[in-house]
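Dropping the structures in below, format is structure tokens.
Note that subunit A is present in both complexes that follow, paired respectively with subunit B and with subunit C.
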Partner chain A sequence: MKKVLGDKKAIAIFVLPAFFIYAVFALIPIGYNIYVSFLQTDLMSPSQFVGLKNYMNLFKDSTFKLALKNNILMVIGSLIAHLPVALFLGNILFQKIRGSHFFQTVFFLPSVICGVAVGLTWTFVYNSEFGLLNKFFEIVGMESLQHVWLSDKKLALFCIIIVVMWQFVGYHMIIQLAAMRNISGDIYEAAEIDGASKWVQFKAITFPMIKPILKIDAVLIITGSLKYYDLIAVMTGGGPNHATELMSTYMFYQGFRTLKYGYSASIGVVLLLLCICSVFLSNFVFKEREAKQ
Partner chain B sequence: MKKKVVSMLLTGAMVCGLMTGCGGSGSGSSGGSNSSDDTITVMCVGTEADEYVAGYEKIAEEFSADNEYGVKVKIDFYENEQYKTKLTTLMASNAVPDIFFTWELSYLEPFVAGGKTADLTSYLDEDTEWRDSFADGTLDLVSYDGKTYAVPTQKSLCVMFYNKEIFSNNDVEVPTTYDEFLAACDTFKSNGVTPMALCGSDAWIPAQFVQQIAAGMAGDELFQSICDGSEKWNNETNIKAAEEVKKMADQEYFNNGFIGTSPEEAREIFTSGKSAMWFMGAWEVGNLMVSDIGESIGVFTMPAYDSQYDNISVGSIDTSFAVSENCKNKDAAVAFLKYWTQAENEGALLYDYGRIPANNFEIDASKLSELQAAVIETSNAQVGLQPWWDRQFGAGEGVEFNNTCVAVLGGEDAQDAFDELQQFADDNANR
Partner chain C sequence: MRSTAKDKVILTLKYVVLIAFSVLCLYPLVWLFLSSFKTNSELYSNPWGLPESFSLANYIQAITEGHILQYFMNSVIIAVSAVAVSVLLGCMVSYAISRMDWKLSKITMSIFMLGMMIPVYAMVVPLFSMFNRMGLLNTHLAVIIPHIAISFPMTIFILTGFLASIPNELEEAAVMDGCTIYQIFFKIILPISKSSIVTVAVVTFINVWNDLLLPQIFLTDSSKMTLPVGLTEFQGQYTTNYVVEIAAVILTIIPSILVYIGLHKNIMEGMVSGAVKG
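Our next item is the complex of A and B:
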């Protein structure tokens, strides 16, 4: 077996099919997208090479700036829910409390439901006339808190961020929990004999040992919320008046609705660059901490 | 060891085979649906909930059963938003079905400019009887540089539907002036009836109301000046009209929480007798006729703010169909459209579903319900129709106009909102 793995041809045979798929569905489209982003085109009439004009227009476009800001809020919201909160929940379940398997399943459940179904369900929850939330406020007599949640410019985005937080907290919790379960029980036993409290155990054993996983998780969270699309598309479609627009939905709007594919491609490139940057950034942050210790 | 390498190679080959297999069958099936010579594929907007879908399908079936080209016609229906996405994708990848539903003016324009749609002028010129059957000016809305690229099957305009029972219960007459309209709203409001059902979640719906009010303030001239660029989006009239609608919202003339109400919910509010009026396109007649209050619905045009501009409505042609350039059997496709726009079929659509035809023919008044007759009468009484802004300007400026109206209703200052719209229009021209 070792010999096979040392053989370059054999490696190529293993890697090529996957690479082929990756190239066809990721690398080539990305390359083509970068090319299109330098054009002014509707992909039907002859297109025109405009150099960096699309990018220059982007930074004058107030809707794009709003989308960028919304994306950053989305990243922040997701980071809060999917690192500290997920870690907290994961750590509770890690303590072998009764029914921890049950809770594990319950927390994980939302992330296996398809995004469209989640979006529709929450649209009903937020509905201003018969929605669960407004009805709840009515029953407890706090009518002043009732809102038209998803059509209120100031609230709509936060309503959606909360759903995203809720939906994926279990997913990240499971990743982190799996990492915790990989830690050898001996270490905890030794710590307990030394009289370490649960908090100290977490701080000195669990956290440092799952840090590599947290790093990957952070990258997943940031890129995931930068690319986020489905709930917005289902729940508000970017409205009211672009208040919940994210880069991905604005890209869709500029491409498929206004037929400005070149402009839309340039949004895609910015999105790609931001995702790459976020990977480097989180690598950097976690490396710094490692060095300190 | 060799054996293992060979077996791995074979595995690799199998994987590749599987993949190409998938790819092959995928493209095969999509290619098959629009390239086979004896099936004409039509793409259209519609959902199960729309009454007219059955009528369209009947036309396709009858044509398929007997035509000189021996073709079968298959109509695929898609929900509105889904349709727009699908069509633009198919356009960009050159896989448009033979006949496709289109809106007029700006919507069709890029497809025409990109050479994706067949020029129908020669077919219309050959059969002048067919060409002349379309009402005056309707074909102009789907013509570019003097060539016609689509045929309309419907005419539509925005009207105010009202519940006669609620009107008589509250001793309110059909308003003929703008002030009477406001007074009527006021009466309903103080009697605890919602004056108007309005959907705010789909931006074009409040926007068409704002456009209607603006039309009543400055008439067709404003519309034309915005179209030719001599008047800006942030002109006084647009702002005043938006403020006027906002004022109605503040007076609670619309249903509670209207800004989040969906189109279906707004219709439901009206048809369940909770609101006295509903401002909507006449295409809803089919749905209204089968509703619980179908018998007691009447219709009037929104009285103009300035009465010299009465009877100018937001309206246009509707449900136009274009033939794609890569359609293999254009003659058959055109023949189908010709069949569709025959008096007999357009008549059936009118009598059964209340679709106002885009062509002229003798209407059998005895087959019309009271509501249909009223709508036709209203339609004929119009001295001017101005297309919806989002059709005139398409996505981009048109859609941003809609968004701007929603923003104003959501509490943003009208002047600021329309200034932003103008800014967008200036920027967007250049993208």
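Our next item is the complex of A and C:
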């Protein structure tokens, strides 16, 4: 037994192919990316080592600052849009209700659809001429509310947050629902016997028990919002006038449209740091919980 | 039971909320589907109603002039090869990590798990430069290889979780019967892990199928593009002919929806458990 499961040659055959691909095409690029972020390069002509200049320029670049601000707004907007709604719907489905499975399946559906298709679908909804939204305001006689939604600097980002919400509320709901299902039924039976109302049960049992998952979910939403790309790329392309630019779209633009790869790589490093920070935040939260128990 | 009337009201309210949200989730897709049969002028004059006839003209135009079939085939080639390699190699590593005896198994696992927090944006510039030098730019491999690499953390996380739950007796009995390690892996472990394998396969498939960034960066030739990139091409080309674009969107999302209808349990489980770790 030991001999078979400890066979060094077999272990090498099992591990090395995947590890090789992972190391060469995921780990090394990360390190290489940090190196490129110190260069001024178009990847063709000889590159020049410029130290931290790319990073200094980043914080002088008003578009980057706008993208960072938009990313933060995205994070806050997604947190507000996702957590309470997902929790509300999750709690309804958690209580025994007929058709629960059907509703879960329907709510989750948008999150498996390609972001480009979702983005295009919603550009049609927001379309100023035939879009559903403006037509709806026309029917109910509130033409004053009609807008050229995605070309309006003030509204565009908000419109996109709505789409993000449409796409991912069901996904976060399923995560929270899974956590609720892990709570032992006995606790609720005892509460029922004591005459606790559903609201009291939610407040005193469900919410505190799923708090750790809520915190993880919050981190997921944060890292998720840092990574959005498809929706913006399709719906506004970062416009109008960079009003919906995110770090991801700006990185793509700087690298693969204006060929400033070093600069682009430094935006990638900033994104990586932000993601690592939010993961550490989650680990910290986890540790805190373990310490309490 | 004094509160039945009140309970009934609450229950009705709950259903109102659930049904309203279902409509919100499904209506844009239904509207898109119905619109895909309309003519352009119908789209403007009658955006809500049913199309006058269910003509396939838009689909035919999307396929003949928009090269949708070509994009579709490219997407299939890329997604299927990425999933096949990722799942096979992922299973092998997961088995070695969770069942076999070697000193570095814990460290190897941690290194793979590190990948969960890496955003792909921190890799694309170097990958572009590497593929450029390897002459792989503008080939399907340039999209397939990074997708395999970034799928490993989630695949391995889910599979090791499952494999760790298999009782030792199974392998012991197999060793008694004189099975080699490869026979154990292919004839015993893989078959009993079928459900977890389907889960990781389908989640990887959806991730690769839906991705826009990598094909947009690594492919330049329109004949090699995948569906999401193809759709963005449509945007520029047919700025006035929306209905053809709508038909193309429908063709893009149909495979995901079909896969979802068939395997939604695995998909939900996989996407949720893979995420909660990250």
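The rule is short, and it goes like this: the second predicted complex is superposed on the first by the 256 of 293 C-alpha atoms of A that agree within 3 Å, B and C clash if a C-alpha of one lies under 4 Å from a C-alpha of the other, contacts with A are read in each partner's own complex, and residues count from 1 in each chain.
Basically, a residue touches a chain if its C-beta (ideal position, glycine included) is under 8 Å from a C-beta of that chain, and two chains touch if they have at least 3 such contacts.
None of these values were measured; they are calculated from a predicted model.
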Partner chain(s) touched by A:56 [first = subunit B, second = subunit C, both, neither]: neither
Which of subunit B and subunit C A:268 touches, first, second, both or neither: second
Partner chain in contact with A:124 - subunit B first, subunit C second, else both or neither: second
Partner chain(s) touched by A:152 [first = subunit B, second = subunit C, both, neither]: first
Which of subunit B and subunit C A:42 touches, first, second, both or neither: first
Partner chain(s) touched by A:223 [first = subunit B, second = subunit C, both, neither]: second
Which of subunit B and subunit C A:111 touches, first, second, both or neither: second
Touched partner set for A:142, first subunit B, second subunit C, both or neither: neither
More subunit A residues in contact - subunit B or subunit C: C
Contacts of A:21 with subunit B and subunit C, given as first, second, both or neither: both
Common interface residues of subunit A - those touching subunit B in one complex and subunit C in the other: 4, 7, 10, 13-14, 17, 21, 43, 127, 129, 255-256, 261
List of subunit C residues in touch with subunit A within their complex: 11, 14, 17-18, 21-22, 24-26, 28-29, 31-32, 35, 43-44, 47-48, 89-90, 92-93, 95-97, 99-102, 108, 111-112, 114-130, 132, 145-146, 148-150, 152, 171-172, 175, 180-182, 184-185, 206, 209-210, 212-213, 216-217, 227-228, 231-232, 235, 242, 245-246, 249, 252-253, 256-257, 259-260, 264, 267-268, 271-272, 275-276, 278
Subunit B residues touching subunit A - in the complex, by the definition given at the top: 1, 4-5, 8-9, 12, 15-16, 19, 81, 84-85, 88-89, 91-92, 110-111, 113-116, 200-201, 203, 256-257, 259-261, 265, 394-396, 399, 403-404, 406-407, 410-412, 420, 423-424, 427-428, 430-431
Residues of subunit A touching subunit C in the complex: 1-2, 4-8, 10-11, 13-15, 17-19, 21-22, 24-30, 32-33, 36, 43, 88-89, 92-93, 97, 99, 103-117, 120-122, 124-125, 127, 129-132, 135, 166, 170-171, 174-175, 178, 213, 216, 219-220, 223, 226-227, 229-230, 233-234, 247-248, 251-252, 255-256, 261, 264-265, 267-269, 271-272, 275-276, 279
Subunit A residues within the subunit B interface of the complex: 3-4, 7, 9-10, 13-14, 16-17, 20-21, 40, 42-45, 53-54, 57, 60-63, 127-129, 148-153, 237, 239-242, 253-263
